[in-house]
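Both complexes shown next keep chain A, but they swap its partner, so chain B is in the first and chain C is in the second.
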Partner chain A sequence: MSDDAHAPHSLFRRRLMQGLVALPAAAMLPRAAWAASPATAAVNTTGLAVTDDTVTVGILHSITGTMAISETGSVEAEKLAIAQINESGGVLGRQIKIIQEDGASDWPNFAEKAKKLLASDHCAAVFGCWTSASRKAVLPVFEQYNGMLYYPTFYEGLEQSKNVIYTGQEATQQILAGLDWVNRTKGSKSFYLLGSDYIWPRTSNKIARKHIEAHLTGCKVVGEDYFPLGHTQFNSVINKIKLTKPDVIYAIIVGGSNVAFYKQLNAAGIDLSKQTLLTISVTEDEIVGIGGKNIAGAFACMKYFESLKNPNNEKFVPAFQKMWGANTVIGDVTQAAYLGPWLWKLTAEKAGSFDIDKIVAASPGIEFKGAPEGYVRIHENHHLWSKTRVGKALVNGQYEVVYETSDLVQPNPFPKGYQ
Partner chain B sequence: MLAGYSLGELGSIMAMQGFAGLILFSVFVLMALGLAVIFGQMGVINMAHGEFMILGAYVTFLTSKLFTTYLPQAFGVYFFVAVVLAFIVAGALGMLVEWALIRRLYKRPLDTLLATWGLSLILQQVYRSIFGAREVGVDQPDWMMGAMNITNSIQIPINGLIVMVLTTFIAIGVYLLIFRMGWGKQVRAVMANRAMAGAVGIDTERVDRITFGLGCGIAGIAGSAFTMIGSTSPTAGQLYIVDTFLIVVFGGAASLAGTIASAFAISQARSTLEFFLSGSMAQVIVLLAVIAILMIRPQGLFVLKVRR
Partner chain C sequence: MTFLTRKDMLWFVVLALVLLIVFPLGLETFRLNLFGKYLTYGFVVLGLVLCWGDAGILSLGQGVFFGLGGYCMAMFLKLEASTPAATKIQSTPGIPDFMDWNQLTALPAFWQPFHSLAFSLVAVVAVPTLLAFGIGLAMFTRRVGGTYFAIITQAFAAILTILIIGQQGYTGGVNGMTDLRTLLGWDIRTDHAKMILYFVNAVLLLGAALLSHVVRRSKLGRILVAMRDKEDRVRFSGYNVAHFKIFVFCFAAALAGVGGAMFTLQVGFMSPSFVGIVPSIELVIYCAVGGRTSLLGVIYGTVLVCAARAAFSEAMPQLWLFAMGSLFILVVVAFPTGLAGVYRTYLDPRLDRLLPWLGRGRAPTTATVERPMHAAAME
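On to the complex of A and B.
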C-alpha cells in the first residue's frame, strides 16, 4: 500500500519491474517461479497448501443466518485486501487463493468449518469469525491443528492465543480513552450503563464502571441495565433514564435491538444534541439500519471511521466502494478485517516462510503503514497498537471525528484492577 | 430507587410509564393478532409468522423508496399506502402458501410446524438474496418521528401513538369480520365442525385460504408498523416470534379475546418489571409466571367451549 502513495510513477515502475522479472523467467522455463520467488520447499516445511505460484487461505464468516448482517462487511474487506495483495505481486511471489466457508451464524458449525479449512484444505491462514462465541468455538481447533486466525472484531479481551492475531480493539482500548474524553470535555459526572445481555457488553461495562468509579474523580454510575439479545422494547428503560437524568448514556446494545433502541430514544423526545450518549457498538454499518436522523449527535468510541482524513483511507474508501458498490458504508470492524490479510502478508515476508510457527514468531513488531486507520503495529500479546478515536454521528450516517488519542494505545487484554 | 425525586417528577414518569405499557400492549396485540387468527381459527401453527411481518417491513421500505424517487411531495403520507400494500402482498403470499403447502398438511399438525419453519428459513434467505444481508434503513417523514410534548416533562412517542391507533382499527376490523359478518360466521362454523360446515354448503377450502391470507396480511401490517420502532433485516422476524407465540398460547389458542387479554397482562407485567428491575430479569420473571400459570391452566386464559 505505502509505495502506492506516489502513483502513477511507482505504478509504472512496478509494472516495468514485473516485466523485467518476467523476461528472463520466460526464457528460463520450466522453473519460472524461481526467478521471482523462493522455493516452495523453503517457505513451506509443514505441508500447507502452497504451490510454486499460489498459496491458499481461508475466509470463515457467516454469510447466512443472523450474523450475516455484521459479517458481510468483513468478508468484503478481506476479499478487497487479498485482491489488492494479488495485484501487487502476492505473498512471497505467490498469488493468494481463497477458500470461503460459511459459518452460518452457528458456533459448532464454525468449529467444523475451521477444522475443514485447516485439516483438509491446509490453509496457510484463516481470516474470520466475528462474535466471541464463534471465536471461542474455533480456538481449540486452531490450537490443535496449529493454524493462524486473523480475528477482526473489537471484543472483551481476556484472551490471548499464539494462533490468533486480534486486529480489532480489546475492551480497554475502546473504553478508557472515550470515558476520559467525555469526562474531560463535557464535564460529565454521572453515567447510565446499558447493554445487551452477553459477555462483551457485560465485561465492557464492568471495565467502564471500574474506570468511572476508581479513576474519574467525583464520577458515579447511576444505573446499569441489560436486555436479552433481540429485545425490541426500550420505553421502560428510557423512562428510567429520564428519571435518573445521567450526564452520559453509555450504550453497548447490539443487533436488531440497536435499531429499536435508537428509534425509540428519538421517539421519546431525548435529543442527542443535548443528552450526551457514548456508544462502542454503533458503526456506520449499524447506522444504515438505525437511520441517521435517529442517532445524529451521539458519540461513538472506535478506532476507525469512514470519514477519517489520511492518504491511506482516501484510497481505501473509493477502492472498497468500487468493488462493493458506491453506497456501501465501512464500519470499524470492516476496516479491522481489511488489516488481516495485509498483516499476514507482511509477517510472511518478514519470516520468509508460510510456516505457522515462523509466522507466530515474526508477528510481534510487524508494522502496517498502509492501514486506513493509520499506522498499526502488532504487540507481543498479538493484539494491535492503535489509536482510539471519538466520532460524532451526523444526519447523513457518517461520523465526524472529534477526538483522537495522540499516541497509539497499548493493547491490554488482561487489565489489572479492572476484573 | 424512587427516593430523592419530587412528586412532580414521579408523576410524569408514571404517566409516561403508563403510556409505555399501553404502547407495548398495542405492539403485542398487533404482533399476535395475525397468528391468533390462523392458530385459533385453523389450528395451524405458522412458524413463518415473523417472516410475513418482515415481508410487510420490506414492502414499506420499497414504498418509501418509490415515494422518494417518484413522489417526493407526497412522502409525508407514504406510510398509509405502505400499510395497505403490506397487507395485500403478505396476504397474497399467505394465500399462495396455503394453496401450495398448508392445505396438504391439515391432518398432520406437526408436519405443518416443520413445513412453516422451513418456509421461514426459505423466506429469510430470499430476503437476504434480494435485499442483502445488512439491515435496510426505512426513512420516516418528520411528522412521524420524535415525541409529543404533553407538558414540559411528559413526552409521548408519536410512533407509539400511531401503533396504538393502527392496532385499535385492526382489532375492531377483525372483530367485525369474524363476529359480525356472514363470512366470519362461515369461519366460525368451519372451526366448530368442519364436516358439518361442508355439508351445509360452506366452501371450507376457500374459507381456509382466506383465513390464512387474512392472518398473514395482518402480520404484514404489523411488520409495516414496526419499521417505526425496530429493525428491518432478513432475520428481524425472529425478534418477535417468541413473544408472539407466548401471547397466543397464554391467551388460549382459540380465542381472540384471550389473545388481547394475555397481551395486556404480559405487556403490563413486562413494562412495570423492566422499570423496577433490569430488562433481562423482567423477561425471566414474566416467562416463569407464564409457565406457572400454564401448568395450572394448560388451555390458556380463555377457552371457547367447542365440542370436538
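On to the complex of A and C.
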C-alpha cells in the first residue's frame, strides 16, 4: 500500500476532517500530556493509521436515506464520546481523528465503505452500523481485513465475531427479564406476539415464545403475526387482538410502522393504561414520531432510558444536549453508541497497543464505570454485561423506569433451548 | 461487410489498455476492486445500448436481471460456504445460516441443483434470459411499448424485490446472501483473488462489448435502429418486429446476468438492493451519461459516475447526494447525448482531419445516429 493511503484524499476532505477534529478539543490539550505517550512503533505494529499524536477511527452510519433518522443519534453519541476522550487527553496520548462515511441506508454500500475505512484508511477502530442487514454486510469485511467494529444496536444474537464488540443487548438480555417481570407483577398468562417481518423480530419472538411456553408456568402464546417493513394497516390484527383478549401484547414493530400501529390501537379503543403492552423496539427516538399521548402507558424493555437517575447519566444527558441541541432525545441505541469509543479507549490502554489482535485479546473483562446506563463489562463473547430495565411510557415522550434487574444480565448470543 | 473499422479497432484497443493496464497499475488493490465492481455494471449498460439506444426499448428493470444472475451465483457460493463443519452452531448444520434463522430444517428443492457449479453458471445466463423471454413474449407480441413497457419493467423490479424480501427463509430477505467465501475451494476474498477476478471481469466485458458491436453492425442491428425510428415501416416491410424486440431484450438480460454473477464474485455478497427500482434507474442513468448509442461511451460513463459517487460521498458524507443530482442535471442539460455525444461533436471530426487513414474502411454508421434523449424517452 502506498503512503498516501494514510493521507486524506482531497483538500476538501482534509479541511472537513480538520474541522471535525479541531472543533472539540485538540487545541486545548496540554502538551505535557503527550510527553508520556508511548512510541508509535510500539503501539502500532500492523500499519494502522496511527501517528505520534493522532489515531484515526471511522464512523460508518447512514446519514442519508431511510435509516438516517434512526442512525443520526448514534453518530452524535459517538462524536460526543470522541470529543470527550480527546478533551481528557486522547487514547494512549493520541488525539482521535474521525473519518466519517455514509452508509446511505444501503447494505452493499456499507460493505464498500467499510472496506474503504479498513483497507484504504487503515482505521484503528470503526464505530458504526445499525440494522442487522448492514452488520451482516460488513462482517466479512471486518473479518477479512482484521478490523474492529463497535456495533450499538440491540439485535437478535446468533452471532459472535472476534472483530465486533456488541455494545447493545442481544435478544435474551432484552427479552427474558421483561417477560418475567410482566408475568410476576401483572400476573399475565396469555401473550400476543407481533413483529415486523425480518430477522430481529422473528428471532426475538422465537425466544419469547420458547420462554413463555417452557419457563413461565401456565402461560401461553395466543397469536403471532408479522408485517412487512413500512406496513401501515394494522386494523385486522387489532381485531384479532380484541377477539383473543391477550393479557399482554408483545410488540416488536420497527420504524415508521410504529406510528400507524399505536394510533390505530388508540383509535380502536384499546387503552394502554388497561391493556398491558410490552415492546422492545420503541425508544424515546421512536416516540418523537409516534407521539407521547398515543403510546402513554405502554411498557418498554431495554437497558437504557433517558430518564435514568444516576450520576453518569446526569452528566451525559446535558452534555449531549449541549452539543446537539436542547430538544434532542436519547434512546437506548444512542447510549449504546456512546459506549463504543470509551470501551475502545479503555481496551487500547489496557492492551498498551492499537493492534487489533491485542485489542481483541484485551477486550474481555474491560469495565466502563462511566456508562450512562451504569456499570458495564465486556463478556468473553464480546457482548456487554448490562442491566435490563422496564420503562413506562409517559405523555411527554419519556419513560419512567419501573423495574431494573438487580444484577448485570449475562449476554448469551447462542441461548440453549431457545433456538 | 466490415465489422470493425480501423477507428473502432483503435478505440477498442484504448479501452483494453485502460482496463487491463492503466487501472491495475494506477490503482491500489482496494480501489481496483471497486472499479471491478463498477465494470460489472458495464455488462448491463452494454445491453441497454442495444435495447434502449438502438431499439428504443427503455427498460427500467435491468436490475432484475442483474440481480437474478447475481443470486444464481450467490446460491452456489452460499451452499459451498455452508458446510456442516462451518455451520455446526446452527440447529440444522449444513444449510445456509439464514434458513436456520428462519426455522427451515432442510434445503428447499429448488436450491439442490445449485450444488453444481456448471448448473449455476448456466443458470446465471438462463434464468434472466428466460424471464426476459417471458416478459418480452407477453409484452411485445401485444405491441406494448414505450412508456407502458418501461412502467411494466419497473413493476417487475418492485415485484421481485418484494418477493425476495418476503421469502427470507429461501432468499436471505433484506440481508441478502452474505459471507460468501470460496469458489470450488478457491478463496475469493484475498487480494490476489480479487486481482484475478478483476481481470476475468475486464476480459469478459471486452468480449461482451465486442459481441454487442458485432450484433449492432449486422443486418439485425440495423433493423433494430429502423424499428426505433419507424416501427410501422419495418413491420410493413415484412419483419416480425416482436421477434427482434424479444431477442434484443433477452440479449440485454443475459449480459446483465453475467454482470450480476461477476458482481457477486467480486463483492462477496448479493442483496435485494440491487434488484429494485432505484438501482435499475441508476443503471439507465449510467447509460445516459455515457451516451446511450455508444458501447464504449457507456462503459466510460459508468466508471465515471461510479467513481464520482465514491469521491463525492467520501469528501462530503452529508451532501454527496446533492452533488450527484447536480451532476446528472448538468449532463442532461448540457450534454443530452452524453460523453459519446461530446466525443462525436468535438473530437471525432478533429481526429479525422488529424489522422485521415483512420477513417478509411468505415462501416455504415446508421447504428450511431443519435437523437435527442427526450425524444426517445417520450415515445
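Keep in mind that, in the parts below, the second predicted complex is superposed on the first by the 385 of 419 C-alpha atoms of A that agree within 3 Å, B and C clash if a C-alpha of one lies under 4 Å from a C-alpha of the other, contacts with A are read in each partner's own complex, and residues count from 1 in each chain.
Operating definition for what follows: a residue touches a chain if its C-beta (ideal position, glycine included) is under 8 Å from a C-beta of that chain, and two chains touch if they have at least 3 such contacts.
A quick note: this is a predicted structure, and the numbers were derived from the prediction, not measured.
Visitor: Per the contact definition in the header, classify A:Gln419: touching chain B only (first), chain C only (second), both, or neither.
Guide: In the superposition, A:Gln419 contacts chain C only.
Visitor: For A:Ala260 in the superposed arrangement: first (chain B), second (chain C), both or neither?
Guide: Touch status of A:Ala260: first partner only.
Visitor: Quick one: classify A:Ala83 as touching chain B (first), chain C (second), both or neither.
Guide: neither
Visitor: For A:Met323, using the defined touch cut-off, is the partner it touches chain B, chain C, both, or neither? Pick first, second, both or neither.
Guide: Touch status of A:Met323: no partner.
Visitor: Once the shared chain is lined up, is A:Asp197 touching chain B (first), chain C (second), both, or neither of them?
Guide: Both partners, chain B and chain C.
Visitor: Let me test your reading of the model: by the given contact rule, A:Leu394 touches which partner, first (chain B), second (chain C), both or neither?
Guide: neither
Visitor: Quick one: is A:Thr64 in contact with chain B, with chain C, with both, or with neither? Answer first, second, both or neither.
Guide: Both: A:Thr64 reaches chain B and chain C.
Visitor: Looking at the overlay, does A:Ala361 come into contact with chain B only (first), chain C only (second), both, or neither?
Guide: It touches nothing on chain B or chain C.
Visitor: For A:Asn235, select first, second, both or neither according to whether it touches chain B, chain C, the two together, or no partner.
Guide: first
Visitor: Per the definitions at the top, what is the overlap between the chain A residues touching chain B and those touching chain C?
Guide: Residues common to the chain A contacts of chain C and of chain B are 63-64, 197, 228, listed in rising order.
Visitor: Taking the touch rule as given, give the residues of chain A at its contact with chain C in the complex, in rising order.
Guide: For this pair, the touching residues of chain A are 1-2, 5, 9-10, 12-13, 16, 63-64, 100-102, 104, 106-108, 111-113, 115-116, 119-120, 131-133, 136-137, 139-140, 144, 156, 158, 197-199, 202-203, 206, 228-229, 414, 419.
Visitor: Note which residues of chain B are touching chain A in the complex, please.
Guide: 5, 9-10, 13, 16-17, 19-20, 23-24, 27, 125, 128, 132-140, 145-147, 149, 155, 157-160, 226, 228-236, 238-240, 270-272, 274-275, 278-280, 282-283
Visitor: Could you please specify the touching residues of chain A with respect to chain B in the complex?
Guide: Within the complex, chain A touches chain B at residues 63-66, 68-69, 71-73, 197, 224-228, 230-233, 235-240, 242-243, 255-260, 263-264, 266-269, 285-294, 397.
Visitor: Please give the residue numbers of chain C that touch chain A in the complex, ascending.
Guide: 28-31, 33-34, 37, 89, 91, 98, 101-103, 162, 165-166, 168, 173-176, 178-181, 189, 267-269, 271, 273-274, 310-311, 313-318, 320-321
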